[in-house]
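What follows is a set of notes on a single structure, which appears directly below.
Letters A, B, C, D, E and F mark the chains in the order given here, with residues in each chain numbered from 1 onward.
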Amino acid sequence: MHPKPAPGFPETLITPDPEAGFALAIQLSRLGVKSAQPDVDVLKRLRPAYAENADSLIAASQVVAIHFQTIAAANRWWRRGAEEA
Amino acid sequence: MHPKPAPGFPETLITPDPEAGFALAIQLSRLGVKSAQPDVDVLKRLRPAYAENADSLIAASQVVAIHFQTIAAANRWWRRGAEEA
Amino acid sequence: MHPKPAPGFPETLITPDPEAGFALAIQLSRLGVKSAQPDVDVLKRLRPAYAENADSLIAASQVVAIHFQTIAAANRWWRRGAEEA
Amino acid sequence: MHPKPAPGFPETLITPDPEAGFALAIQLSRLGVKSAQPDVDVLKRLRPAYAENADSLIAASQVVAIHFQTIAAANRWWRRGAEEA
Amino acid sequence: MHPKPAPGFPETLITPDPEAGFALAIQLSRLGVKSAQPDVDVLKRLRPAYAENADSLIAASQVVAIHFQTIAAANRWWRRGAEEA
Amino acid sequence: MHPKPAPGFPETLITPDPEAGFALAIQLSRLGVKSAQPDVDVLKRLRPAYAENADSLIAASQVVAIHFQTIAAANRWWRRGAEEA
């Protein structure tokens, strides 16, 4: 019924630490782009111009920041590990 | 009284797992666009230029990220399943 | 004392289901635009170019997504109905 | 010590209902712009072009949506009044 | 270890009232810009064009809105004072 | 399995005070950009144009603001220190 995200979707938002959570945020950002443009060849073709444009890079990092916000909340901000340390 | 969103709106924000939640976020993003431009033929006409523009794809993935934030909160970030696993 | 939003503002953010909440988010987005440009004739004049511009449509759907986030929180994400179903 | 927002700042974020909360969100958006450009004459000069540009209007309505999110949370989404009604 | 924000950073996000919180949001927005461009002379040179561009002013006010959201949450939306009043 | 963020990722989001939290937000913003463009030479080449463009600087400060929102929540807004003071 629902449109399908690209394959390789994670089974959980829970990660062991902030670094893994950030990696997951990057992955979700990419899956979001792929849901709009599933053709990997097109994405590869777009990449050079995008990756050398400061405004595009900032925009991409903003999407990562929004997903990281979600994932950090899912993990209760990894507070427990920090407080135990 | 209210403006009507496009047909096919989901009855709940609750999904079994993050992947289905992400698919729902994509669906809500599309319904948001359709609420501003209900003419599917226009949307199809706009698609090629949009789908080959890196900045448009990033912008679209940002809307998905915002909806995913809402849906993840609705599902309490699917924590229970993760903790049981 | 406060600037006045356009007439027709809803009395509550509580809605029976996500679909009605999304409709309300669309309505709030439009009221936000009308607060900046109350002249309906100007808005009508702007509409054709806007409604055929993919980036404008994505931007509009982002505002809907932000309002939907607020409304979903107001309704505790309509969880109760989902859990009863 | 702090930079000063423009005069006329509200003493509280608490409002009787969503409509007054939305009006307050519009007011905060304007105070945000005035903090960057306090010269009212410049703002008046910019207004005609801005108010006839769909993308500017959408961007302005997004800032209203973000402030409305804050104000709605401050008011616990005006749930009590709704539940009593 | 961490990159350093510009000097003059506030010791707390707690403020007596919404107006002081908004002033702090403006201050954080400026510190964010300074972290990317610490050269005050460059910032001064950029200011005239920026301060007469409606879209730049709206974008700046959006950053203030995001910081104000954070600060309002830190202060539990200054609800206590409001309820006592 | 996950894409890797750039090296140097912090082990925790917990910081002693808002200033260190803001520094961490700046660091996360930069790591987000590096995840999209890992080539430091390209980033250095892009920097001059970006750092003299007011709109780019505002966009960058918005990403910092979003990360600061996450980090402030992780630290419960550093309220305890403030209340003890």
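Worth a mention:
Here is the rule we go by: contacts are C-beta pairs under 8 Å (C-beta built on N, C-alpha and C of every residue); 3 or more make two chains touch, one makes a residue touch a chain.
Source: prediction; values computed, not measured.
Counting only chains that touch, the fewest steps needed to get from subunit B to subunit F is 2.
Interface residue usage between subunit D and subunit E, two copies of one sequence, is largely distinct: under half of the residue numbers at the contact are used by both copies.
Distance from subunit A peaks, on a Cα-centroid basis, for D. For the pair subunit C and subunit F, the distance between C-alpha centroids works out to 31 Å. If each chain is reduced to the centroid of its CA atoms, subunit D and subunit F end up 27 Å from each other.
Chain centres here are Cα means. That of subunit E falls 15 Å from that of subunit F. For subunit B, the set of residues that touch two or more other chains comprises 10, 50, 53, 55, 59-60, 62, 66, 69, 73. Remark: ring traversal beginning at subunit D, heading first to subunit E, gives the chain order D, E, F, A, B, C.
On subunit B, the positions that touch subunit C within their shared complex are 2-5, 9-14, 28-29, 31-33, 35-37, 42, 45-47, 49-50, 53, 55-56, 59-60, 62-63, 66-67, 69-70, 73-74.
Subunit E meets subunit D in the complex at residues 17-20, 22-24, 26-27, 30, 50-55, 57-62, 64-66, 68-69, 72-73, 77-79, 81-83, 85.
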